[in-house]
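A, B, C, D and E are the chain letters, set down in written order, and residue numbers restart from 1 in every chain.
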């Protein structure tokens, strides 16, 4: 029913998580999948990259234009409707703001809200809104806005999914500037949802009046206002003169006059565009581009590794993947180092052992230790055991090879990763590997329709873990997004518990247990954490350390999307 | 002449009918429910939405009924709208066409500007070194795929010399000619190279044939200088097949700029098309394809008519 | 003249071929019609050579081809051996083609450049003759010898390895290989050099004598036509002007056009004062819009009003000498024979 | 540039060609298309050049005009126009002669006019170039020219394209074009071959008339002895790139000495002869210029050929009659010739049998 | 005079199986037999080529040999031949330990790797050799398609004219109207076609119109030649005329054209690969090698350069050889 549908694509971030490969896949999917392993070969390089978030020093100056090369055009600008990947977030968030934002430490702070509190069991949340904020069209922002947004969100693809994932049952305006959310089940991570699609504030009257037109003329409260939108060419946003926020010194934000977003799908020419000064800013989710950018002179790089993990998953509903010996064996044979080495992602991203990168507060050493890392002989043994088992689940005679169909989108870099994996699996002499490629859309629909076997995937969510993990541990018959079709009662319960506490340590502990279960059940294989990059002309400042309204440090540039409120150009 | 035009137009209409029919059938050939193909994979597939799409596309009508109502819409400029971007296909085309058109014209223009003198030179100096050198150059140019030449152009002109921007597009209407030229020269050059080769080969071989004509000998026996003979006597009869090829190329370029547009991030028809293909935006694919095919047919008809207007021999009969 | 009429036709049982009121029209651009041949009648007795002369574009080739039904005429009849080919089935016509063959003007273009001479000449046998290849080759070899080509040398050579004259001999061999009764020669010597032309003319004479061939000989060179023909028909713009036994025609042309034509022939005799010869003024009118009445009237020195209104019919002016002219140079013989 | 050379009306020859050779180098050998030709043309006279196809007539006239400029052509010998040597002069200089001094009418009127250029322009562009005239003056000249070649409604024709005219009319235009700058020497290369007899007659008359009126020297190239018979002062007979006989027209027809000339004349059917008169065909076919026979080039086809002819090339001798020279050891009408014939006949030489009418056509070609 | 000496066993063209061959009548006169000349041997044609064309044909031969070799290697010898497909054993994979070898990825040309290695440390030279298979198949299949179908259609309509021509040419116009690359893109991406033969076939089908046009133009010209009228005058059936007279004269031009067209077909495959939409990876094709190496172009330009060069040189060679044969057949035609 509707619930399940909702699960497939929970909120905006989790849409990104599932379709993450999709939206960026034209460019990046592959690298994410394969790149990691930096730590094994040249860990020093990874450490060289300073990923700490600090606020930049320097004289803030007004004025200047940024031209930002994006890896794809963001076609839809309707937060309630359109899936929004990294390129899109860059454009959308320059004009539309969220109720909450993630802080550098992983917690969530208010942005358009001023405060949010919940009852004890995290089922009712009360939020106060910031006063004095107006939309670009002059409409005021208040509780009614949120109420008016709600039906629009319910009607939209992304909005409905986000509502679903947040367990939101209803909301009401309990004051001029106060909203009360009622959830269907406890959700301690609700603020995280408000930092996603659910909390992305758009002008509801305009949206309701002309939903399609909103894409060309989006209206929010953000620091920039849509000036000109020429799809596939450039989207120009200019300074919102009436922006509500100021920097700590009391200077009205933003500093920039305008930002021009240009889709440049070709990785090579995008970097060339930056190097030639055609654009003065670009982003990339490809490890190869990051490596090239590192080698280039005269540009400043911002690299980021978040809660991104590349790899794949097994459809455990289909033999032989229903047998943990097979899955575990395949994982043990997965030479992560080789995958990364062959990809040239060396020194850029680390091999993955869990859904969180070491940058994340949820990363734990125990989970890392528990992961069946490369042990070829053990892997061979494990699969041999299955093969010799007269009761083997795939119905073949003992001793026969197992069949593995490995499928990825047709990105050259993903293919490269696939080939290495194919080589190791085949190399065991026990596995018969077939490679297939489907375009992104088919790839996803195969997963949705359970037409997949071993399937490349990327878990990209720079957000609360619950949003990504819950659908995967939910019973497969209830959650379409449980692509491995595997149910572990314990994991499910752990995930539920995690929604009932907001204590970070407690939650870390719970998610660690889930990660341990993942290692045990081996329903996924990992390659590496995906590094992303923003590269700019060195005169562009303020990308790294920007502040939330409450003065706390924001989380920088996750997944290569940039918060432009405090970006300035050094004269 | 009027009769010629009339029959030509009649043929045009017949061809267009077939072209539109084929394009329309494209949707039909796809496996499964058209609604599934039309909606993005993560769409919120509500009953109302499905019903709405079925109604919009008259999916419940018989095939031919739908074709003719679609054709009616097409003639009125309505090609439906994308269920992914929400933009109408007609708007999309109106938006992109000028860009691709400019690229096509510029590249053909650049190619002609260089190719015609080269071809004439080659024919005039046939077998001597200027001919050998240009022929060899043309051969190489003909063999370099445009995407490879594009990579090279960006590397040289944008990154090394920093003379021109690597990507992007300044619309002629918004930013003026100079800004526009800055962004259009590189992609147009990338497209021009192989055409240049084709054109100059054609001019050369036609010119060689023409120079062997008796009337050229007659002109020489009248004591006219070579340059005069080349340009006033030989060029025009030698450029008739060039015109046809230019016409064909022009039509073909409308759909043939895909790679270069993607590479140079030029927001033309091709760029939109490849995006549509990647996101399986079927109505956009269908719309752009039918538009390009139509344009191609129309252009070729026009070229045919022009051709007969230019060659007095044909014009007469 | 260009007139019509059938006064000159002989009884059907005396002739091999009779062409009556032959009309061939081609569609032209703009819905117009090319009146290539407009009501021509003539007949040929067995063993006779009929020469067909006229200016370029007057419809000589078209007439020749129409006899073979290539393409079938617009109207009129072509009676071969008492059988009207224009009314016969396509397959019948096809099989009758074994009795009629054609030799073309351009000896090189009439041979497929990519086939061996042996195969080219054997082609008619491949269609109609014995299916046995060696039997075919035997016949081909004999025929090649008849036209003076060494079969041994020629068998596996291609046309471009032969001179024009040799190619014309090969074409003749191909026409002869089925032993046809009638051969239509469409300017077979116009493309050849004078010295070679004589060889071919001699060859045709020899063959004709040896095999009782009947020839329709089309040419624009009056001297050539005279040399080879028993009777000569003069055509003008799709119509027949004059038909006569050839010595008679050349000695006493009855039609003004024939006379002018004969005067125009350059004779290799320096004693003739060329400047004194009468000249035909003007040019051949377009077959798209032929003049009314007598088609020659626009260029005729003897033109009168009647020429524009009435089309002259064939009249007898001598023993075997007929003319279609209102004002012939020879007074017509009174004959009761009315024309249709 | 348009100064007239040799304006003195003297008796010096207008054109003197001496030992002219034109050789085409091809991949597989070389073709001596013109091989030692000498001839002289006086003002106001007409010279006929006859010969079979491939005998080098066209190449000769183009070489004299300096129009053979392909890279594989070698030219040697001397061409003097009004006393001035032309061989080896730069083409720029020759160009200044074309039009005002020499002009040419080509064989095929269908192809020697540019199909996409209006007749008016083609008629006068070189007049304007050479004489530096304006547009309207040129137009006047064009109309006058068209009138002089008897084209009706000349004004209307200026804007016509060649395809709108008949073959005869086009050839008239070509002639008008050649006459436009008032040349003193006109080459007419088979000007009537592509035309019907009636039209041929008109055109030849026209040429003769113009030549008389303008006192031009004219070289009339043709393969038809009938054409040169009544219209030339002197005739040159070519065979395989060489002149085989040269004589004033009347002399040539009255007492031809070379067997080839005789063969040519005898193989032509004539309207004056009775029907079915057997023709005396020349046996064999012209030599391949890539590998011409040694000795006399005509020897393999000559009914009188002796051993000597096959080995040694006879010189172009000029024995008794002034102005009559020929290249033969056994000229027609001499006892030697008679003897050679008898002995060949006795030996059954095919070409001799053919000449005697004793050989069937089928046996002529081996 | 007819020579009477016979060569009893002289080969006669297609009559070899004929039993009655030695039993022909007319014993008095032995039937003369011609000697069928041998076809010009390939090496003679080769010798007559200008040096550039010689080099081009050597290159093309190498490409074809490479393609066959690579296919043999993969299918028959199971990768046992030298230059094995690097996709079979990436970077000296050791099946005992699961470890890979130490070949440096993205290396410049060296003695051990003549053209260097790509990002997966695969030997570029081997990949180019193996990639030639795709180019060769694309060319062969599509050219066959075009020449056979397009050639037949074109010859037919050029000869028959009338309604057939109008209809066929109208269809041709329609097919021609569709931008080929776009159709291919749509087909490959929407219909999920990744099979080399199907892609080649589709390219072939899309090229039929052009072949039809070329064939028709030539067929028209040939049909107007008098030998066709002569064949009709004999009473030859139209199908036979088509087979015997028209097609043999159309074919040489068509084949020469095919050479040139083949070049553009290779580029089309390259373009498809470049957009990631050609045959199933990891199959090496020159196009996808360029595409894959492009992301590493700043690291190592060789890896883009070599496959590009292979592509360019092949296209160049096809053009050269095509031109040569075109001229050759034209010369043969006009020298008649």
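Operating definition for what follows: a residue touches a chain if its C-beta (ideal position, glycine included) is under 8 Å from a C-beta of that chain, and two chains touch if they have at least 3 such contacts.
For clarity, every value in this text was computed on a predicted model and none was experimentally measured.
Which pairing of chains accounts for the highest number of C-beta contacts?
After counting contacts between each pair of chains, the winner is C-D.
If every chain is reduced to the average of its C-alpha atoms, which one ends up farthest from subunit D?
A
Compute the distance, rounded to whole Å, between the mean C-alpha positions of subunit B and subunit E.
Averaging C-alpha atoms per chain gives centres 27 Å apart.
If you average the Cα atoms of subunit A and of subunit B to get two centres, how far apart are those centres in Å?
Using C-alpha averages as centres, the distance is 40 Å.
Measuring from the mean C-alpha position of subunit D to the mean C-alpha position of subunit E, what distance in angstrom results?
Going by mean C-alpha positions, subunit D sits 51 Å from subunit E.
With chain centres defined as C-alpha means, what is the inter-centre distance between subunit C and subunit E in Å?
That gives a centre separation of 49 Å.
Would you give the residues of subunit B that are in contact with at least 2 other chains, written as numbers and ranges?
Residue numbers touching two or more other chains: 151, 262, 278, 280.
In subunit C, what residues contact two or more other chains?
Where subunit C meets two or more other chains at a single residue, that happens at 145, 150.
Got the subunit E residues that touch at least 2 other chains?
1, 189, 294, 297
Given the complex with subunit C, which residues does subunit D contribute to the contact?
52-53, 166-169, 196-202, 204-205, 208, 223-227, 229-231, 249-250, 253, 263-265, 267-282, 285-286, 360-366
Name, in rising order, each residue of subunit E that touches subunit A in their complex.
87, 89-91, 93-95, 97-100, 105-106, 119-121, 189, 192, 194, 276-277, 280-282, 288, 291-292, 294-299
What residues of subunit B sit close enough to touch subunit A in their complex?
By the definition above, subunit B touches subunit A via 40-45, 81, 84-87, 92, 95-96, 151, 154-155, 158-159, 162, 165-169, 171, 262-267, 271-272, 275, 278-280.
If we count contacts the way the header does, which residues on subunit C are in touch with subunit D in the complex?
Per the stated touch rule, the residues are 55-56, 145-150, 163, 165-166, 169, 193-206, 220-224, 226-230, 246-247, 250, 260-270, 272-275, 277, 279-281, 283-284.
Spell out the residues on subunit C that touch subunit E in their complex, using ranges where they run on.
65, 68, 70, 94-95, 97-98, 100-102, 104-106, 108-116, 118-120, 123-124, 126-128, 132-135, 137-138, 141, 144-145, 150-157, 159-160, 171, 174, 178
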